[in-house]
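These notes are about the structure you will find just below.
Letters are used for the chains, namely A, B, C and D, taken in the order the chains are written, and counting of residues starts over at 1 for each.
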Amino acid sequence: MTRIAIIGAGRIGQVHARAVLAHPQAELALVCDPFEANARSLAEAHGVAWCLDAAEVFASDDVDAVIIGSPTRFHVDHILAAVAAGKKVLCEKPVALELSEAERCLRELGENTDVMMGFNRRFDPTFSEIHHRVADGEIGDVQQLIVVSRDPAAPPAEYVAGSGGIFKDMTIHDFDMVRFFLGDIVEVVAIGTNVDEAIAAQGDFDQVIVTLKSAEGRMATIINSRTCSFGYDQRLEAFGSEGTLSADNLTATAVRKASGNQTEAKSRVMDFFLDRYVDAYRLELDAFLTAVADGSPMSPSVRDGYEALRLADAATISAHEGRIVSL
Amino acid sequence: MTRIAIIGAGRIGQVHARAVLAHPQAELALVCDPFEANARSLAEAHGVAWCLDAAEVFASDDVDAVIIGSPTRFHVDHILAAVAAGKKVLCEKPVALELSEAERCLRELGENTDVMMGFNRRFDPTFSEIHHRVADGEIGDVQQLIVVSRDPAAPPAEYVAGSGGIFKDMTIHDFDMVRFFLGDIVEVVAIGTNVDEAIAAQGDFDQVIVTLKSAEGRMATIINSRTCSFGYDQRLEAFGSEGTLSADNLTATAVRKASGNQTEAKSRVMDFFLDRYVDAYRLELDAFLTAVADGSPMSPSVRDGYEALRLADAATISAHEGRIVSL
Amino acid sequence: MTRIAIIGAGRIGQVHARAVLAHPQAELALVCDPFEANARSLAEAHGVAWCLDAAEVFASDDVDAVIIGSPTRFHVDHILAAVAAGKKVLCEKPVALELSEAERCLRELGENTDVMMGFNRRFDPTFSEIHHRVADGEIGDVQQLIVVSRDPAAPPAEYVAGSGGIFKDMTIHDFDMVRFFLGDIVEVVAIGTNVDEAIAAQGDFDQVIVTLKSAEGRMATIINSRTCSFGYDQRLEAFGSEGTLSADNLTATAVRKASGNQTEAKSRVMDFFLDRYVDAYRLELDAFLTAVADGSPMSPSVRDGYEALRLADAATISAHEGRIVSL
Amino acid sequence: MTRIAIIGAGRIGQVHARAVLAHPQAELALVCDPFEANARSLAEAHGVAWCLDAAEVFASDDVDAVIIGSPTRFHVDHILAAVAAGKKVLCEKPVALELSEAERCLRELGENTDVMMGFNRRFDPTFSEIHHRVADGEIGDVQQLIVVSRDPAAPPAEYVAGSGGIFKDMTIHDFDMVRFFLGDIVEVVAIGTNVDEAIAAQGDFDQVIVTLKSAEGRMATIINSRTCSFGYDQRLEAFGSEGTLSADNLTATAVRKASGNQTEAKSRVMDFFLDRYVDAYRLELDAFLTAVADGSPMSPSVRDGYEALRLADAATISAHEGRIVSL
């Protein structure tokens, strides 16, 4: 039984809390949030202890592992303090908003492999099945990767303002997915546009297309939009020398309809990330707990977090300066 | 080059005329219809000769083969006269409305194999591919067959009146399809209902479900409706010991749509039998011409026509008398 | 919080136990099974009390509701005793193996509506969505219902021997589904065959097709097989005057593959009933708890259980005597 | 009846000849090819006249319209000579290999609108249906366009050598498709790689991804590969503010298969461009003949051909120089 503390009792912290409570090898031991109302309400809902100061988490003997869901600017400090205290760590993405901060994290961690980055989509059953089948050689060499990732609705302008921009906030997941399939990237080019004026007013894009070339000469394209009328559009195609594996969108049921002017119409695409990725969060926690139990190196690692952030940085430069960026 | 005469210049005769005109090994030589306007208009559209009396067709030295699209009550006489004159014959289904008439045809034909019955669906590329793959053993033994066959709209009441009833007029195609996959049938049970009052008023059904057991102990179910709101519903599932092969409906294009409350909605199912089966008519003619050229036995044969009619008769008895009929 | 006892700690009892433990409004209070090993192991896994005699369950003040998963021959006695003790009841299907026993249950229950029958498929999200949309009038009047229900593999011969035959054991679910959509049935005809010699040797069928006509003149066909090479085949089509709603099979993921000789190939159909219907069991329990809380009449009711059994009886007679059975 | 001459009796000339012969409003009047064997064999197959010198075509009084399928380096001269002789013209893509040559064509044509460029994919029923529905406002504003275009197998190295490179030879169709949906383009960036060493040896790419931004601020991505293991991969997605319309690949039949480890597997994607686009060539000719009959301006026009070539040029520069190109 791994005793887990959650730092950050906001939306994502609650997601992790539910996964922890449902997992037979995990125990929710402590909830930490500087806002007492947050900490107290999540903790009391499940009858566990709470605190306001993360230092208490790291100092606690009743905590084996920490899930970090605090604001991004605290991630590196929390990671390093947790590791220093001998805790295992699962940290939400991105590892930092500034690349230099991510570099500091990597440098100070050195050989330590006790930190897992929360790229939950790697654990989504559909994407994960594709990855396994690719690894088994079922479609030969992967030559092209297409990632379509569109959110149902744009976040509030104030959230966007503090998000570090679309590449660090949204595309970061897709950058990790590209690396998951194609390995390290040497070339990035991004083009952005706006259909949302509030986002445009902040100097950020709400639609981007990013093209990447890998060290092994393979290519990927990422298509993002902050809004999507038909739900949470999350698809992927891995094109290989001997076949293609692709991920359809998920729907809540398997109902289809034929009527006057159409046929095979399926029920609406899931439109909330928690519904869409509920299994991914569960399986991510499961992989984390397995690594805790085994003492094996965590994956995805802080280096994976750093590399995704580097791609986000490169894409930001590319889109704003109008040039291809080599890495 | 096979010189072809068409007897019956109505809708189905016109379908065959177009197929003949488009086929490189066929030549439309003569059009025959007792209604001069019909004969003349079809013939003149293509610059060929016409006549009113079928006897002229059989007597003509310029005709190698005859396509019979006359009213069903003339089929047997036309078949026998054509064969007597040494012509090859492609005859529309059903071979007759009365089983005794079909028996007479079989008896008088004896060993002659120059007559092909127009069960065009056997030549539909989709159904035909399933049949070939089944024959290749791809799904092991076929154990169950499901045939869904629904027309977009009911025919006029006067047509229904002279049609011999739904089993002889509509289900006849499905009976042949069941025999195509499962061979001879030993048990038939049919249940019928009405949603169309005009058809009910004539003592006919407009929706039927027929269950059949084959001599080899395999089962089939046929689901028919005279009306279907979403088009011409023509599907089939062959369930085998090692897999299932099924036929989706055809659509005019491969467009799909995702929108507010649905996804993967495909364009409307084709709703006119000539659009749906245009390839089937073409390939049926092609098979006929190949058999003419080879002198090989025609298939489907008059016996196939007779057996389908026997099933229609059995189903009619079953549905009207409320009992299972053994053959 | 509803305190629940489970009678019968076998496979289905364990399914219900997991659903109870995961439900926020339910509490597992007691486990009962005459085999001590069964009772003890399920109870101790969750730290609850256990007993060997169902009478203790009914007598307990710590039990509000009972889930009956005992062998079918005990169902009616357990239902009646539980109700007499003022408990709410969720009982597995079928209500009994003998119609007379089901009639006794109905008679003795009288006006009592505290018993829900475990026709879990009514609560499957896909089937349930179709039912809701039909009820909303989305496809007009339902005119035809096609239910395809095939198990991945036949049960052991000894299980089949005590099962009451395929119609009471397997088709019973489909009979309830037909009644769920079409209401009461007035005509049944069933044809059966065998591909499994062990089942044939017991005088039971392993493949059946059943056709039914409803009191309102609508028709249904049920296609069953005890074996299915591609998984647990659970589909349904509700054909209405203004459209068709159908249920695809469920797959574990949304992966598709295109390769040398095929395209759009989806991952294997789920092949275990607990995976396929895990949501159905959860939502069934939820509906039960809602009715417990509200004091509203349970649905599906014992009458629904009785009517499904009546159809199973009629189908058994039909298939064995070779005749259509009117009800 | 429009009397048509075909210049260039190679593969594409034969495609057009078949379309002309099958069209009721067209007549094949003359075949021209400098290689006598080519000219003679196509002409004699259909019993029409032939010549070796294009000048004879332009001078003929028996020719109303010319279809130009000669090598690309002759396109502009043939277009201008035909127009000077008062003929209507349907010219294969690309209009030229050099942009300056295409500019000359535009300049010399001036106000003349009698020339249609052979961007056949605009007439493909699936793509064309999407275009119509977009034009009808069915999905609001088109914001993103994804074009996947992969050939089943790479052409011979000698063909590639004279093709002008992948962007002018293959992507040219996709550039036109992007303009068809998004209008004029202001920014292009292309990245290329190789999986085919023979093509790499010629300094050309065999896989490219191109991203484009339109004058109206909308984006497109084109994914190309010279090889594709599963057939001729031709898909498109138009993502709009109120929905998405997408084009599936076409298959020869509507057969699906479920078996041990997969379900819904559809028959192989069509793998030959003539099968895939047979309807497009037919409908392209039909549109051409309609414009001939009406005297209306041809579309797609030479300007469309010029713009597509400009994009191909820009993409070539972008991929080889590693920079974004503004237009």
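Going forward, a residue touches a chain if its C-beta (ideal position, glycine included) is under 8 Å from a C-beta of that chain, and two chains touch if they have at least 3 such contacts.
Just so we're clear, the structure is a prediction, and the values are computed from it rather than from any experiment.
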item	value
Touching both chain C and chain D (chains)	A, B
Farthest chain (mean CA position) relative to chain A	B
Reference interface B-C: repeating pair among A-D, A-B or C-D with over half of contacts shared	A-D
Length of the line joining the C-alpha centres of chain B and chain D, rounded to whole Å	40
Cα-centroid distance, chain A relative to chain B, in whole angstrom	57
Residues of chain A touching at least two other chains	229-230, 233, 242-244, 249, 256-260, 267
Chain contact graph, described as a line, ring, star, complete graph or other shape	complete
In the complex, chain A residues that touch chain D	140-141, 143-144, 146, 148, 150, 187, 189, 191, 193-195, 207, 209, 211, 213, 217-219, 221, 223, 225, 227-230, 233, 239-244, 322-324, 326
In the complex with chain A, residue positions of chain C that touch it	22, 125-126, 129-130, 133, 138-139, 242-250, 252-260, 267
Chain C-facing residues of chain D, complex	229-231, 233, 249, 251, 256-269
